[in-house]
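What follows is a pair of complexes built around chain A, which joins chain B in one and chain C in the other.
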Partner chain A sequence: MKNQALRKILGRLVRAFSVSFWVMFISFTIIRLTPGDPATARLGVEAGKAATDALRKQLKLDVNPIQQFFSYTNGLFHGDLGISLQTGRPVLDIVKSTLPVTLTLILLSTAAAVIISIPIGTYIGWSGKSSSVYAFRTLTSIILATPNFFIAMIGILFFSVRVNWAPVFGYTPQFPGNLKYLWLPVAVNTLIMTAVVSRVLSSSVLETKGEEFVETGIIRGVGRIRFFWFYILKPSLAPTVVLLSYMMGTMLGATVILETIFTLPGIGREMIGAVLTSDYPVVQGILLFFGFITVALSFTGDLIAFWLDRRVKI
Partner chain B sequence: MNELTRKQRFKNWLALPGGWGILIGTIMFAAIVIMGIVIPLFGPFKPNAFVGDPSVAPSFKHPFGLDQLGRDVMSRTFASVWIDIGVSFFGVTIPLIIGTIIGILLGVTKIKIIRSVVSSIIDGINAFPLLVVAVAMLAFFGAGLKSVIIILSITNWARYARIARTRAVVVSQQNYIEAARTLGYSKSRIVIKHIAPNVSAESVAYALSDFIIVITVISGLSFLGLAARPPAAEWGSMIADGRAYLANGWWMVIFPGLALCWAAISLSFIVEGMSRRDRGNS
Partner chain C sequence: MTSNSLVSINELKIDVRITKSLRLKIVDSATFDVERGQILGLIGESGSGKTMLCRSLVGTLGRRGAYIAGGDLVFDGIDLITAKPSDWRDIRGKRIGYVPQSALAGPNPVMTIGAQLAEAIEQSENHDKDYIRKRSLELLEIVQIRRPEIVLKQYPYDLSGGMKQRVMIACAIAQQPSLIVADEPTTGLDVTVQAEIMDLLKRIRSEFSTSIILVSHDLPLINDVCDDIVVMHAGATVEKVSSAQVSHSLHPYTRALYSSRIDLVEPKGQLVTIKGQPPTVGQWPSGCRFADRCDFVVDSCRSASTVPLVSVAQDHMTACLRFDQIGK
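Let's look at the complex of A and B:
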């Protein structure tokens, strides 16, 4: 039994590595999708041959792709992601300085969403009253269909324009001070995440309710808290955790927009800046990080789900 | 068939789970598409014409107000339907077709090496959040709506391929496929006439919810200034334009935003209704 579980986890780890390889491959190849020549695309046709050749050399586009892929991978293992064309800073430094802001944003929203979703989702699922389920599902599908930037705009209209509770510009990295700038974007993310998470949790609680072991628990007269955690919540949480890890990846993508709106110095806004200035190494480096983080998130999510419920397929 | 039974049949259909959701969603979606055709063609103002003073609040003549350049926000909001819903339509159908075909072939192929390599490429593409990979690719393709459609075609197919592959594996083990094989039908005939129709139902169902994602991605990219470019009327870029005037021109942001929500919510009601119908109840 123990062996089997270990083998399952190992298999999942192998899959995470193979996906990581393709993430790396895609981030590497993406520059070659440029119609024509990336160096000319950045500098313009009138730049002259010497300048374009120099840039091509800097981007390592002058050697053959296979050789280049090896040197790229080799660089990665030594923490070398290239150098920004715009500022000359190493890409890894840029990632290191911007990623904490983004992670704070996402972790705060996730924590808030989990805290809010568990009571709502369990209540809706456990009561199972069709009218409240119907109202709940309609409300959540309206929230989910609304794009985050529009929710953010409404938030700004009420909290930054009407009353000055949430400044739209500026940021301080220190802990209590940064909450002033972060709470509104966190609230936007939390709203969306709560809608998804509580929805999935409510339907899996509803499903768990029908299982035989729940009835056994009631008959055996298990204590209230124990019953609630072991018989209802724990088996229902597995699908929610898988979804949560997926949603965190999606939220990571959504920061591209949210950080731009709230001018937060995170990795998403950095990426938009790099896209607008054709700073190819930065775009590639950040894309790679986004991919790695998502792979790590989904691996962790699957692992936790497996721990919660051994019946889960990973 | 006479009028009464048709009415009765419709009533029965409506009484099934999710009937109201599908009906309301369809009416809402049809309404915005019709408005998107009627207002730009027969409305009094052209979407890009300067028809008054800048930043005029909603009035009887201009129900949605005027924007920062004095253009009619109502005309622009409904002129956007062409871009938002039209471009999203291509952004959904092209990946749907490519992905479903690849997924089916992957599900029925016997060559193991192809199956595992293509499957892990699919996982690799799906590892990136769609918006992020779209933004990154725009750096290389150059901003614009045409690039967005190309990018959606080369990335979004992977999601459809994953669904179609899983489904194709299940379908090809069914008894009726076995029966077709026993009858001696050729492999291509079995794939085209028996497997493909059963797989595509699921892909099309996913396409509907993907439509919502794609509308959000396209308007989001336009909001960032990477897809539709000014002066084109598009919900995302209208919201981005109005952002600077939020303090004394809320109508420039709220109306395009509501139209965008209307479109997405109508689709989500349909999706919701259909999945309720699929599950039977609850």
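Let's look at the complex of A and C:
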């Protein structure tokens, strides 16, 4: 019923908010559990106690952790994520300049993977022809077993060095100029995502194919397009959608390897840099964004899955 | 065979393709007719070929790699063996309705009940929305679903097993077909709901004079509803008898099925079972296939090449070599 569905969605929203809070709390705590004092790290061990204490005060590290948490939360609501210890730039600015690169990479490769996976996954699952299923399984296994940096390097070796279709490094934030730099990393990412997504989709389609209602649909004489959507794809799509939303979340962090290889100024690379220099406001800020985006993605994914198939529990 | 028969099945054989060269016989001698307005019960154990027979009537054998290997299958003057996809489009749904085996998995889980009914009503004709809605409500009322307006907007997920099966029946009768094939329509439903579904089928027959093929393995359940009973064993029709005469059956298998019923009204001390197991599909022994489990077996049962289905009385055919000694 309408109300019941609405209540489920609201419940899921409440859960998303509570997870967001814990993300905030954990990203704040975990960085403080790592060894090393930020003030000393910045000024060096030779700096006098007075100088370090002064910096501590400036960074609001002189009060107890609970007070620190409240002032941090308070800052968050005013759009203040602190400033970088290394460069003095506001963390929000850093996120604003690096996140779009990563998001473009992820969104483009997800879109491409979906467009490619739906026909392949449906065909493999529905036809059940043993020769094509075997070829498909072998190929996707090889792709999944190969590390992404290796595929990336082969891509560079071939497309950048041999045929010179893609620049070896560099980036420009303007559209459409950025596509010149992005297409190869997007292609590598798409290849890996397609392997996973089409596999999951094909096994869902195979499962749907054996269901009684499919037989009923055939006997009812449902038209081709209707049949494809309502009897094959829609009942099979929910697990794929949930998987996609999860993959997009984990990719935020995972693209760091691709960003490093292709020297893209993305958020993953920024994060690694910040971790290596104990730039904890930056790490904390980026972790927070990762968390929020992941929560938002999985909420959206669950919502779409629920819209597709009411049997899905959210 | 009367000319009035709606369905005429004669010596029908169905094979299934296992590998390129290996074929398995699923059904190899199905013979019976369905008269207009008749409810025919098709009884048999699992593996006796009941479901495959149903699929041959709706043209979905190919999906499971099965095909008709011989015999005749005629529906309302149309030869279903040579029917083309375009012929099937005119037959399925419109002239033959189908009620699936499992009530729980029958309706499409991602469509509302209203959408599924609309699909069943509309098919090739383009009716306007008001007509579809009116007809949907009417169908839901025929199958006795309360508060049909609400049910139209619900998903199968929201309905009980019995209600789902009522919806499936509503879909099957949407275009007033002359035949409904109900493949074990009460599997997974509890006993009272089973009885309700049986009543519903009976009412649909009397209201619309639809013929119904009712498949089951539960002879006592369907015996009250059916006019005739066809018993299948190991891919062959072994007996066709009117439901009133089932207790005077002349085939040991039918008798065994009948006496293994559980009488809830007058429980007897011992539960009667049929000894042994049905022969493996496709690996049937020569001679009578029931011989190993039969109490009346003699040597000639096993040595006979085939056991013909013979007419023993008006509307009574049996495939037992010793029928004249049974029932005495």
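Everything below uses one rule, namely that the second predicted complex is superposed on the first by the 300 of 314 C-alpha atoms of A that agree within 3 Å, B and C clash if a C-alpha of one lies under 4 Å from a C-alpha of the other, contacts with A are read in each partner's own complex, and residues count from 1 in each chain.
Here, contacts are C-beta pairs under 8 Å (C-beta built on N, C-alpha and C of every residue); 3 or more make two chains touch, one makes a residue touch a chain.
Bear in mind that the values here come from a model prediction, so they are computed numbers and not experimental data.
*Asks:* Kindly say whether there is room for both chain B and chain C on chain A in the superposition, answering fit or clash.
*Replies:* In the arrangement built by aligning on chain A, the partners chain C and chain B fit side by side.
*Asks:* In the superposed arrangement, which partner chain does A:119 touch: chain B (first), chain C (second), both, or neither?
*Replies:* In the superposed model, A:119 contacts neither chain B nor chain C.
*Asks:* Is the number of chain A residues in contact higher for chain B or for chain C?
*Replies:* Residues of chain A touched, chain B against chain C: more for B.
*Asks:* Of the two partner chains, chain B (first) and chain C (second), which one does A:231 touch, if any: first, second, both, or neither?
*Replies:* In the superposed model, A:231 contacts chain C only, not chain B.
*Asks:* Classify the contacts of A:100 with the two partner chains as first (chain B alone), second (chain C alone), both, or neither.
*Replies:* Touch partners of A:100: none, neither chain B nor chain C.
*Asks:* State whether A:142 touches chain B only (first), chain C only (second), both chains, or neither.
*Replies:* first
*Asks:* Just to be sure I read the superposition right, which of the two partners does A:65 touch: chain B = first, chain C = second, or both, or neither?
*Replies:* A:65 contacts neither chain B nor chain C.
*Asks:* Report for A:295: first if it touches chain B alone, second if chain C alone, otherwise both or neither.
*Replies:* A:295 contacts chain B only, not chain C.
*Asks:* Of the two partner chains, chain B (first) and chain C (second), which one does A:23 touch, if any: first, second, both, or neither?
*Replies:* Only chain B is touched by A:23; chain C is not.
*Asks:* Would you please give the vertex angle at the Cα centre of chain A, with arms pointing to the Cα centres of chain B and chain C, as a multiple of 10°?
*Replies:* 80
*Asks:* Using only CA atoms and the superposition described at the top, report the least gap between chain B and chain C in Å.
*Replies:* So the smallest C-alpha gap separating chain B from chain C comes to 16 Å.
*Asks:* Show which residues of chain A lie in contact with chain B when the two form their complex.
*Replies:* It is residues 15, 18-19, 21-23, 25-26, 30-31, 33-35, 38, 41, 130, 133, 137-138, 141-142, 144-150, 153-154, 156-157, 161, 203, 206, 249-250, 252-254, 256-257, 260-261, 271-272, 274-276, 278-280, 283-284, 286-287, 290-291, 294-295, 298 of chain A that touch chain B.
*Asks:* If we count contacts the way the header does, which residues on chain B are in touch with chain A in the complex?
*Replies:* 120-121, 123-125, 127-133, 135-142, 212, 216, 219-220, 223-226, 236, 239, 243, 246-247, 250, 253-254, 257, 260-261, 264-265, 267-269, 272, 282
*Asks:* Where on chain C does chain A make contact in their complex?
*Replies:* 58-60, 63, 88-89, 92-94, 98, 100-102, 105-111, 115, 119-120, 123-124, 150, 153-155, 157-158, 168, 171
*Asks:* Any idea which chain A residues touch chain C in the complex?
*Replies:* Chain A residues touching chain C: 1-2, 211-213, 215-222, 226, 230-231, 234-235, 308-311.
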